[in-house]
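Just dropping this structure here.
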Amino acid sequence: MNKLVKNAAEAIEGIQDGMTLMLGGFGLCGIPENCIAALAEQGISGLTCISNNAGVDDFGLGLLLQKRQIRKMISSYVGENAEFERQMLSGELEVDLVPQGSLAARCYMAGAGVPAFFTPAGYGTEVAEGKEVRYFNGKPHILETALEADFAIVKAWKGDRFGNLVYKGSARNFNPAMAMAGKITIAEVEEIVEPGELDPNFIHTPGVFVQRIFEGTNYEKRIEQRTVRQKTQS
Amino acid sequence: MNKLVKNAAEAIEGIQDGMTLMLGGFGLCGIPENCIAALAEQGISGLTCISNNAGVDDFGLGLLLQKRQIRKMISSYVGENAEFERQMLSGELEVDLVPQGSLAARCYMAGAGVPAFFTPAGYGTEVAEGKEVRYFNGKPHILETALEADFAIVKAWKGDRFGNLVYKGSARNFNPAMAMAGKITIAEVEEIVEPGELDPNFIHTPGVFVQRIFEGTNYEKRIEQRTVRQKTQS
Amino acid sequence: MLDKKGIAQRIAQELQDGWYVNLGIGIPTLVANYVPEGLSVEFQSENGILGMGPFPYEGEEDADMINAGKQTVTLLPGASIFDSATSFAMIRGGHIQLTVLGAMEVADNGDIANWKIPGKMVKGMGGAMDLVASAENIIVAMMHTNKRGQSKLLRQCSLPLTGVKCVKRVVTNLAVMDITPQGFKLIERAPGVSVDEIKSATEGRLVIEGDIPEMQL
Amino acid sequence: MLDKKGIAQRIAQELQDGWYVNLGIGIPTLVANYVPEGLSVEFQSENGILGMGPFPYEGEEDADMINAGKQTVTLLPGASIFDSATSFAMIRGGHIQLTVLGAMEVADNGDIANWKIPGKMVKGMGGAMDLVASAENIIVAMMHTNKRGQSKLLRQCSLPLTGVKCVKRVVTNLAVMDITPQGFKLIERAPGVSVDEIKSATEGRLVIEGDIPEMQL
């Protein structure tokens, strides 16, 4: 069981123009920096990207937007990216906005073999347009479908060559659900460890969901909102 | 945030005749031994129990069956219990057999606020009778609904007074999904630790799902099939 | 009249011991600063945190530990981390006792709009639609009128909805109001604000019964 | 003719490097003993284990570490533990490359019955219905006939079904057969078993094309 590949370039082999990708992360936290850089370098275009956010102008998915590699975004919140907003309002970029919980669930459900499910989120709003409505316990719900992707690209803290992954802090976010949903799932990690080093009781993503894994390099881990307090008062 | 109660007797306060309970465990592994004993002692009856299995004749839920405290079982596999089979075949006990994956999902979905979902499991079988069928990607699925419970009773390895839980080995099984699903969730653990002792990155059940927690005593942890190999050949 | 901090302070009075609370971005975030002494509440951040603490000390920021507003935060003892699917399982499953969020408009039937101005601002709904569709107890924190002086408490929302008939209570710089079948029911006046001022700043149906007490902060 | 071990041994030849495999209770469990040299496969147990190893050494049994057959087991390096909901997410989501399970009856259209004899044996379906409805690659391991000598390979199942049109291949003590639109297609004979013997033991439609080779174990 050896899913190790050398680097991001090797990991993204097979990703072609027009494919659908899922990319983990929340804001710039826990995003697959190495793979995004490799996608930008190779100029693969016409992509549909499923990701909670769209990065900022010069980092994260913003790098692919700058180079017009993305045809369509499926996201819940895209407020931090001026170039994104420009492309969307001008019609160059197709955007499907999805409630954040429905987005996470639609990834999870795809990975879990549940093609459709009912959720109350979005009932009575634009999101519900064209969707089946059904009442349960007197409360209206809409039918949402699983989201699938040709490739899912996730970022973890540690992993082994079986594909087992462990995330750190809130960098976990969308990564586990997306790891389940890719036809092929690529994991980039900060550190590759030997099988057995990760405690089997505390693995966040079991290796079965991961097809390729590599140790990334030069993580920038940019902080969007650096908020701190002073040590003066204890 | 203090959810600590003294013992099983205090933990099960409010459980009344005729209620629906979820009980974690797989076979005799990871079952809430203390709470089952307390339920047997108090003689609460007419219960509907949602549990993957029904224990053995003299342990686990078998203890409640012996005393005729269970009116209905919702389970996936009940093969290890002669008294169970007798009560079922004689019609004294109502039994709803549910595919194991659907059972786990129906608990998870209840906890996750998803009232219904499509699964392929059971299509074309008795399980599908009366259920809506729909095709996704050319494949038939049936609509299953979330299972709710007045109380969910789970067993974990360690926990803190916030209700955070960690399970050990395959004793995890149904416990996390059921912990999410109870209107009131009771957790019994082998060891109560101080808040902060459990690494926040590796908590299996966040405390938000748990309303009462206590440190159990005298765990028997009976093994159903003791299978071993000899050390003679290395 | 209250400022934003005052609104947060008033909302903090709604907190009950043992509650799990989700605070939206903006005024709601400030509520965490006014938790009454002796109450134990846990703050949930929908990107996957329960038990959020204050901002980190300078130099101790961790890029891997942010809240839903993308701000660096810390954890308190008893905190837990989980993924987005689990986070919204908590929210959708009704495990969070209080949700506080901002709004552009609230209608007197409890409809809320806070995610989109067609042709102008299209940032997305984030987790707001899941929160308002799921929570039992939703309090909106906002200014009573917009920058042009127009009421944000309407007979009907004009902007695309975030959720229908879901808001329970509204706390503004002028008043505390509950959503009732008859419309906004005035519960409290902000210090120094008259019932007439509230009336004239409210476009939606306003129910005024008996004496309306002033808030105690 | 094969014994149960022989059936398991033949099925083990189907394994491919890197596969995740779920083995049912009974004959399927034995498959783990015959993994070909140099192949790396991981065994999944639906109660929440990937990377199951052999039974523990005597005295090292852990009540908290059992497989789906409730037997004490061990973990191999690279193993992981998860809960039942996640386990069946793996199964339902198609992440397991091979499922091997026993059956009471298999029909020539791929239907399978293995969980219930009305009025008699009602143990329940356990995880079998999820497994057969989800897996792409389902091999049934069973004896060709029952204790009374009646064929278990039928035109149509007489017992309550576990799944419809889902079995891909059947390995019995007599033969290897694939399910095709025309019925059971004979692929291999067990050592020393003639095509006629297989014919007479098979009630369902049997397709025999050309020479049928004997299994190589």
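Which chain is which? They are A, B, C and D, in the order written, and residues in each are numbered from 1.
In this text, a residue touches a chain if its C-beta (ideal position, glycine included) is under 8 Å from a C-beta of that chain, and two chains touch if they have at least 3 such contacts.
Remember, predicted model here, so these are calculated numbers, not experimental data.
Peer 1: With respect to inter-chain C-beta contacts, which pair, B-D or A-D, contains the greater number?
Peer 2: B-D
Peer 1: Just how far, in Å, is the C-alpha centre of chain C from the one of chain A?
Peer 2: For chain A versus chain C, the centre distance works out to 28 Å.
Peer 1: For chain B versus chain C, what separation do you get between their C-alpha means, in angstrom?
Peer 2: So the centroids are 36 Å from each other.
Peer 1: Out of chain D, which residues touch more than one other chain, so two or more?
Peer 2: 81-82, 88-89, 91-92, 134
Peer 1: Using the touch definition from the top, which residues of chain A touch two or more other chains?
Peer 2: Those would be 105, 108, 112-114, 119-120, 167-169, 201.
Peer 1: Can you identify all of the chain pairs that touch?
Peer 2: Applying the touch rule to all chain pairs gives A-B, A-C, A-D, B-C, B-D.
Peer 1: Sort out for me which residues of chain D touch chain A in the complex.
Peer 2: 18, 20, 40-42, 44, 50-51, 75, 77-82, 86, 88-96, 134
Peer 1: Which stretch or stretches of chain B touch chain C in the complex?
Peer 2: So the residues of chain B touching chain C come out as 1-2, 108, 110-114, 160-162, 164, 180, 194-196, 200-201, 203, 206-209.
Peer 1: Which residues, counting only chain D, touch chain B once they are in their complex?
Peer 2: 45-49, 54-73, 81-85, 87-89, 91-92, 111, 116, 119, 122-130, 133-134, 160-165
Peer 1: Flag every residue of chain B that touches chain D in the complex, lowest number first.
Peer 2: Touching chain D from chain B are residues 26-30, 52, 75-80, 85, 88-89, 95, 97, 99-105, 107-108, 119-127, 157, 167-177, 204, 221-231.
Peer 1: Which of the residues in chain A end up touching chain B in this complex?
Peer 2: Of all residues in chain A, those touching chain B are 105, 109, 112-120, 134, 136-137, 141, 145, 166-169, 201-202.
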